[in-house]
Every structure is written in structure tokens, then in C-alpha cells.
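When the chains are written out, they are named A, B, C and D in that same order, and each has its own residue count from 1.
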């Protein structure tokens, strides 16, 4: 076990997979020497050189499309889009093209393309660099969405992703970049669609993913002091979604709080809430409560950002409102 | 050389004739509502696809846009399963899921037609990236697109990447003068689109797209450049669609005279004259050729018509590569 | 009252507004002579000429961005994107730019830009021309979403939209283009955020919008025969959303079915379901049931399309499953 | 003429000095964590914004990218409320909501800086569309962008629209040689970006962006073209940022020598020399000028520091133009 940051955990997983599979290449801006803006590919440039760690122009659409064309031939490109917000410049390529090729070719072609991007709010990043668009991607048939919350998951999920053939969006919250955690030295793969129960409890189920997992755990700590014990589920991937773990827990606790950093209105929490009430209606003692951001862009000034982004106390209050 | 030329001309003529007859058949069926979805015929543009094909090797790849039946047939797609796909049948290439605009046939290097204008440009660029990465020394990718696609952003992003990295890709713009109703001069600033290649440091040329031999020559040169590591080429082929944008287009935006002028340069007519003038083919042979092609088209059509509809479950297959719709684990 | 098609109703509203306000211009492909692919601006070219009805190149990003720049100066452009799927080529412009300018300028600038597009499945249109992405737009702070279901609403909502200053996505289902309905001759405006109760009933609330409104009404007809009376609500706009009409009805009927043509998973139905169970939990006698498309692209062949897109009988069955 | 030139040089020098001092102050505060969010300094590039400004009229509009403090100051943004915005204060232009990368000031024709590379190009084109629509005969729009933005799709779409419709827009590419760590020659095929204008049928020129007079002349000509209805111009100004991409950039990708070489062409130094050689200004005047500018910068800084934080409710305002967050009716 080594203690690695979230970013380093990505580099580790990628390095091992690139050593294993010569068809993996990574493309993005400022990755060869700098190793990416979040250190996510640090050291890979030295290890694999400029034919496999490729600095690119600022051309998000061109790169996603290029990645797709290369993937159709059997290459395994990772396109690093830096901030998730920049993915908006490549939506036609992602949604109309990448997502649809397996289906339109009736399985004769596949697009083993991985898109990495850093999502979520960070102090000062502001409206155009702070979005959480994972729900849109999860709702797109043909795409997979990975939203890890720990360094070990980053490595383990990345390895899985690079050994399967569907296009995957790998979203790493930018405020997690520097967090550290143990990452196994061995080759551990984590299957897609398998949520992790991060804390066991009986009174309420808190469902989160990515950065909000740690907020949920902190909330659970506070709640424990007040005698409320929470099951905390970290989804790890949104597509495929581990419905069973969620529903099983809620059937036991009879109460659920769904948490994400995207605005509540229209966010993926709506899906989770719906599934819970569809599949565990008779078990619910209270409405499922959603905790998400207010319906605003994310402002630059820190104190304003904090006024719109959900925090630990929002989760605590949400739980208390139904317990 | 003369023998080669004769061989090429005969082969081109045969392909062009077949495409024309195939498309005329599709047109009739489309008018009868037998074809699923919008149909964009390539009648008039046969010389481009056929000229390109003759300059390519079997290992080369192509991508195309919404108007690409001619590309598929030139590259060797089986007309029966193609026709079946157009009619949404179980025997079709994608068992009815993709249809006319999204024909895909990896067995013939057809990475896909595309319903989105300009998307073919980027995908071709990516395939060329893989070819170069693997240092495959005798393989290139052709990205077909229409005159309307030159003003999409992806054109800029992809051509820059290809120029920057010297990718073995040939961009073939089929300038058929119109994007739906809009004449190319009303959509495109700066004259010939081929000029834009200069901005990316590689050659762009305009060729007569009604002359398959001219296309063939231009693509042959471009292919040589590409496999020699000299990078991409943009070829703008001036051509014309005799039919409307899609079957059903009222075509109020152009004159009968304009159509007649272009038809004077019909590529099938042109090669027929050439073959007859050189005494490579005579009237009887050509009639016989046409008849055998027509039989093949009819057979494809019959095959499609007689094929069963797909099982409904097909609609739920291959959203993901493992086969299912799989949003849930 | 004149009987007009959905497309003509748009042209009528636009024509009257353009006559009133010289700052309204419309841009799109093939609109000047053809009047748009759905007849939505038929006759306007003749009426207002090429300086106000402007044929454009195929440049979705460039046009949305151009529309925004012009709107910042006070022009009121309508950019007609033809198929909604093509909007994916302008997502950066819509989400990172258009949606954020009021907020980032703290209200000093506004973007009175209207984007019209035809959405949804149509036989043979296939995976890249059949999408229903309204939920993504509704979830974006700063944007408005209009999803009319009748010709009268097209005219009335368009008029409203052209007299307010927020950016609006005006989605007209392509299979509605030819439907006909009465449109008042007078200048009737319909406020945004006001749902219409299309049919009154007591046993269940069916919430729909756009094309699914008519499916819901047909379902309600069948259900009536079997003695189940349904309240059918047509939302008309998703942002702003008329929460009150929905919640009031569900509190009365105690049962709700939410319907849209987008895939169920991750669709806007999740939001509606969540709001209902949040605000009417104690009134619900059964889970809210969602009716949407399967998690696939929309295939070309008609029979395959029908296998993935929700229909009247799906709605009937959904209602029966909870009544 | 000589008098004009003197007047212009003095005015330019004053503006450039002010920008430099302002940015140095911002840099210090950014290092101390007093500035909210990433900060992209324009130190070294002052001549471009100042040269452009002197060729414009007050009714003209500008848009810019993420590195645009110099543009805002040149166009007349109040340094106090600008500094307050950078520090996220209640007195800031947008009361802390937009910050450094998204400064917006309609009162000075600043339609907005932009955190998204290339977005400024499209918005400027749109503003020019409105100007042309209203037939305003003496108004133009300048769209600033970086060398990194020339490879985004929007560049192609917007320049084509501007060329096609002859819009009164001037595209100013500040080619400071790098996009973060990536040198322009590693990102951009085909040499100077200005060449790409030819593909759209309007002039593209490369000018010395360290010489505000050269920029001034080029923009003056472009403005004349634009108001005469002759359409857009693309001006690529060769310049350099002395500082890193953002405050905190380790700058491992370039040499000290390279920076030193460019600093030899420092525009402030250059105009100072010119003014002194022509005896328009003497050393004392310049020192006094610098001191008064510094006082103004300090005052702006003090204003910002002493300003209160915004009320939290500000964060919920103006999502929509009526003032609220309003997803619900």
C-alpha cells in the first residue's frame, strides 16, 4: 500500500495500464511535461514519451472526434479535457457520435474511448469552470460515467475502464485532486456498477458520489453524536448504476437523503429519488430528500460560492428533517 | 498505360452505372414509402466516390456524411444487406437500426456515414491518427464531406490536428453546390473551400468532380503523399446532385437549365463516350452491362423486400458493447 | 379563431411580433425561401425580406454565439437550429455563455435570445435526429424551456418569449408539426410557468408536456372507459416550472404518472417525481410512476422505434399499476 | 502630425504604465491569496490593448478572453471597482460573481471577458451583426483572443460568418507564443494564424505586438475598412507574457533567455525612449507620471480591500434578468 493523492492515483493506474497495453495513449493540453493541471498524468510523459503522452492544441471537439476515430480502429485513447466545463465544446462528438456507434453498428464497432475531466466547484473557479454535468452523461444511452471519491477507487476503476470497450467519462472532482489515501500495490480492479457502503447505519441512507461522499461521511459523524446512525453509500459509477445496493439499504433504513454538488433542480438526484420511491415506496417513512446546489451558476467569490453549494450542515439538516 | 487506363475506365464505368441504377431503384422505393427515413441520393455524384475508390487500397478506411450510398457501393458494401438496411429489415447491416444516413461496414473499411454534418471529418482524422500511431506504412483514411460542412467548427479543429501531426488522411469535399437550398456561395466566404487548407500548411486543390479520372489522379497523388509521411490533402471535387436534397425536395431553388448544364457533363455519359471512342466497349456490351447491373439491383431489392422485419428485441441490443441497454448493473 | 398547424402557429406568432418589434430577426438554414424544414417560418421571408429572415451556413455554434453577441446589444434574434440534435454542436455557447451572462454581469446585461428547435422521435429519423434533451436545458440555471403541445400555445408562448429578456429554448416536437388547432386571432400571450389542466379527473394525475400531452389525453380516454378518471396536466414550460398546479392536483388524486419521450433514466421525469414526493408525500397512495423511453438511442426502423418510445398503452398500464 | 504622434505616444505610455503597475499590484495580492480565483496577468502585452484602444472610438465594443485586465483598463474600466471585483467584494463590477476572467462592463463597451477559450470570437461577431443590422455607420467591434484560440471550432464558424456578411468586426489575436505550456508552433499548423483569414476572403496581417504604434496603425486601417462596409480584418499581434500563464505557474517550459530577449522589446521602455529622444517627456516627468499612476493603483487597491464582502443573497440574484433564481413560477 502506498499513500497517494487522487491525482497520483490516476497516474499510477494509467502508468500500469499503459505498460501493459501499448494501445493506450493519452492526449490533452499540457500533459507531456506538466503532467496535467491536476497532476493526474504526472510522470507519464517521462515514462512513455511524446508518442503516447501527447500535448494537443485547444480543440475539444477535434480531440474527442479524433479519439473516437482512433478507438474505432482499436486504439485506446484517453482524452483529457482538463475541466469538465470544456466538454461542452465536444457535445456533438460525445452524444451524437461516441455514444451511438456501438448501437448504430449493431455491435460491429466499439468505441473504447476514455474521457477524463475535472468537475465541480473550487473556490474562485467561477461560473465557467465549476459545473457538475455528470447527470447529463449518465442519462445518455451508450456512455458510462465514473465518479470516484477515493484514490484507491481512482486507480481501481481506471484499470477496469481501460479493459472494457465502452466509452467512459471519468470525472474527478477538482477539490479532491490533493486528497490522499491508500492505494493497493497489487493490480486491483473495481467493477463498474458496484457502489461502496462507506459507513453502516440503520436510521437513514445517505447516497452520494465523488466529493460529496466525504461530506456525507462528515455529516454522518455529526449525526452519530446526536444518535442518528446513517448508512453512507458511495455510488462510484452512475452508469451503470448500482440500484440494488441503494434500494436494499433504504428498505432497511426507511429514509433516504440523496446528495450531489450539481444544482438540485434537474440533477441526477431526481433519478435516484425516483428509483427509491419506485422500488421501496412501501418502506419509506418520509420523503426522499435531495441536497444539491441552488439553481445558480457558481459565483467566483468564495463566500458566494459557499452560499450556493451544498455543505455538510445542509446534509445534517436534510437528515434531521426526516428523522 | 493505355491498357491500365482502359481497365480503370471500364471498372469505373461499371461502378458508376451500378450506383446510378441502385439509387434510381432506391428513389422509386422511397417515393413509395418503402425506405425508412430520409433518403439523400448520390445521383450525379458517382464520379467522386468511384474516382476516390480507384485510388485507394482495400485496407484504407473511409467515413462519410448523410449522402453516402455511392461511397458504400464503391467501397464494396454488399448491395443486398445495404438495401435491406435502407428498408429497415432484419437482414440489414445493422438490422434496421442505422438506415441510410448511418451505414457502417467495418468489413469494407467503412467506419460510418453520419447524420451530422462535418462529423465524418473528425472521425477520419482520428482513424488516421491510429494508422500513424501503428506506423502502418500503406494505409490511409478518406473523410468525405459536403460543401456545407466546411463551415462547421470541427473542420478547423480536425484539419489543424491533421496538419500539425502530418496524419495520413485525405479530406474529400463533395461540393455539389448546395446544402439543402443554400448555394455554396451563400454559405462559404473566401471562394473555393480548398483554399482553407493553406491555413493549415497542406495542399488543397479543386478538381472536376464529374470526371472520375481527375478525381482518381488527385487522390492517387494525395495517397502517395500520405503514405510517404507528407501529411494530409484537401480535395474539393466540383460536382452536382441531379436530384433534390432528399427524396421529396420540391427544388424551387434552382433552374432546370442549371441541372441540364451539369447533366451535359454526366460522368457515366462521359466515360461511355470515351470507352466507345477508344473502341474499348461497344454499344452492345454497354447495354449488356447495364442489364446485368439492373438484375443485380433488382436482386438486392428483392432480397430486402423479402427479408423479415427485425425482432423488437434488436432495438434494445448493443447500446453497450456487451450487448444490452445496461444502465443498471 | 383560425385553424392552424403547429408550424403555422409559430409563423403567425413570429410574424406579428416581427411586425411589432423591428429588433426581431430570425436566422437559420433554408428559412428565407423554404420557410424552414417544418414550415415554422413559412411566409416570413416574403413578408420581411432577407435582412430579417436570414439564411445561414451550417454553423450552429457560430450562430448561437452570434445571436448572443447581437442580443447583448439589444437585438432579439431567433436562431432556428432545425433539429434539436444539432444544438449539441452549440452547447458551450448555450451553457457556458448564453446561460451565464445575466448572472456574471450581475444583471447589467441580458441575452434576449430565442433558440427554436424540433425535438423528439419521428419514424425513420434515427439516432442522431430524434433526441429529447429538454431536461438538460431545464436543469441549466439561466435558461428557459418552452415545450408547447398545441398551436394556440405555440403562438401564445412565442409572443411572451419575445417580450421578455431571458434566453429561451423553444422546443417543438417534430411529430406535432402538422397537427392543427384553433389559434385566437387576437394578441393572446400565455405566461411562462403556467401549466394547463387539459382534462379534469380525480383518480390520478398524469403530468406530460409537448407531444406526450396528446398521448396522455388518449390514455385518459381509455382509462375513463374503465372507470378511472385522470387529471391531465400539460406543463407547457419546464423552466420556469409550475410546481403548484402539479402538487395541488396530486394532493387531490393521491396518484401520479409522469410522462416524457426522453429516456426514463436520467430524464426530467426524475425531477417531477422528486418534487411530487417531496411536497405531497403524505398524500401519495402509491409511488409516482414514470413513463419514458427505454435506455437506447432511437433506431431508424419504425417498428424498432416503437419498441423503445413510450406510447399510449404504456401510459394506461402505468396508471393501472397504481390505481 | 508630429503633435498628434506626441499626443498618442504620451497617452499610450501613460496607459501602459498604469496597466503594468496595476498588474504588478494584482500579482502581489494574488500571491497573498487576496484575489479570488486564477489570475492571468497581461504584463508584457500592454501594447496590444493600448494600441487597439487608441484606434477605437468610445462607442466601439470589445470582447476578450481569460487574460484581459489590460483590455479593460485600456477601455476605461474604473480600476477601483475592477480591483474590487478581482477581490470578490460587494463594490465590484458584478459584486464578486464574475471575477478576473469574466469582467463585464457595458458602460465601457466591454461585452465581457471570458473563461472559455475562443468564445470571445463568436460574441464579437454577433455584436458586429447587430451594429450592421442597425446600420450604425461609425461603430465596430473588436474580438480579442489568444493564439490558443485559433484552433477552436468557433474560429472557423465565426470568421466565415463575418466574411460572408461583411461584418464590422476586427479580430485581434494576441499571439503571446504560448497557450499555458504549449508553444504556438506546437499547436498551430500552417504558420502564422493570420494566414487563415485568406480562407474567408478578408485580410489577415501579422504585426509587432510590442509596438503599440504598429498595432494602432493596423487597427486604424481595419476600423476604416469596417466602417466603410468592407468587412472584417484579422490582426495577429506578436507579443509575449513576461509572467507565467497564471500566478503560480512554475514556468519550466521556457528559458530565462527567451524572456530576456522579449523584454528587450518592452513596449513601455520603447515608448519611454521615443518620448525622451524626441524631448516630449523628460526623466522627471516620467518619474512623476509613474508615481501618480502608482498612487492611483494603490487607491484602487485600498478601495477594494476596504470594501465589504457581498451579502450572501447576491449569489442568488440575476440568474434571470428579473433578478432571481426562478426555476419555479
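Just so we're on the same page, a residue touches a chain if its C-beta (ideal position, glycine included) is under 8 Å from a C-beta of that chain, and two chains touch if they have at least 3 such contacts.
Chain identities (UniProt): A, C = Alpha-ketoacid dehydrogenase subunit beta.
Since the model is a prediction, treat every value here as computed from it, not as a measurement.
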Pair joined by more contacting C-beta pairs (B-C or A-B): A-B
Longest centre-to-centre distance from chain B, chain (CA-based): D
Whole-Å gap separating chain B and chain C, where each centre is the average of the chain's CA atoms: 36
Chain A-chain B separation of Cα centroids, rounded to whole Å: 40
Distance between chain centroids, defined by C-alpha means - chain A, chain C (Å): 30
Cα-centroid distance, chain B relative to chain D, in whole angstrom: 46
Sites on chain C at which at least two other chains make contact: 56-57, 59-62, 85-86, 89, 92, 96, 103-104, 127-128, 138, 141-142, 265, 295-297, 299
Chain D: positions in contact with at least two other chains: 97-98, 102, 114-116, 151-154, 156-157, 160-161, 164, 186-188, 314, 319, 325-327
Residues of chain B touching chain A in the complex: 61, 63, 93-95, 97-98, 102, 104-106, 111-112, 114-116, 119, 121-131, 133-134, 141, 153-154, 156-158, 160-161, 164, 314, 317-323, 325-329
Interface residues, chain B side, partner chain D - complex: 150-157, 159-164, 186-191, 195-196, 198-202
List of chain B residues in touch with chain C within their complex: 35-38, 88-89, 96-102, 114-118, 148-149, 151-153, 179-182, 186-188, 252-253, 309-310, 312-316, 319, 325-327
For the chain C and chain A complex, residues of the former touching the latter: 85-86, 88-89, 91-92, 95-96, 99-100, 103-104, 127-128, 131, 135-136, 138-142, 262-263, 265-274, 277-278, 281, 284, 286-290, 295-297, 299
Residue ranges of chain C in contact with chain B within the complex: 29-30, 33-34, 55-62, 85-86, 89, 123-129, 265, 294-297, 299-305, 307-308
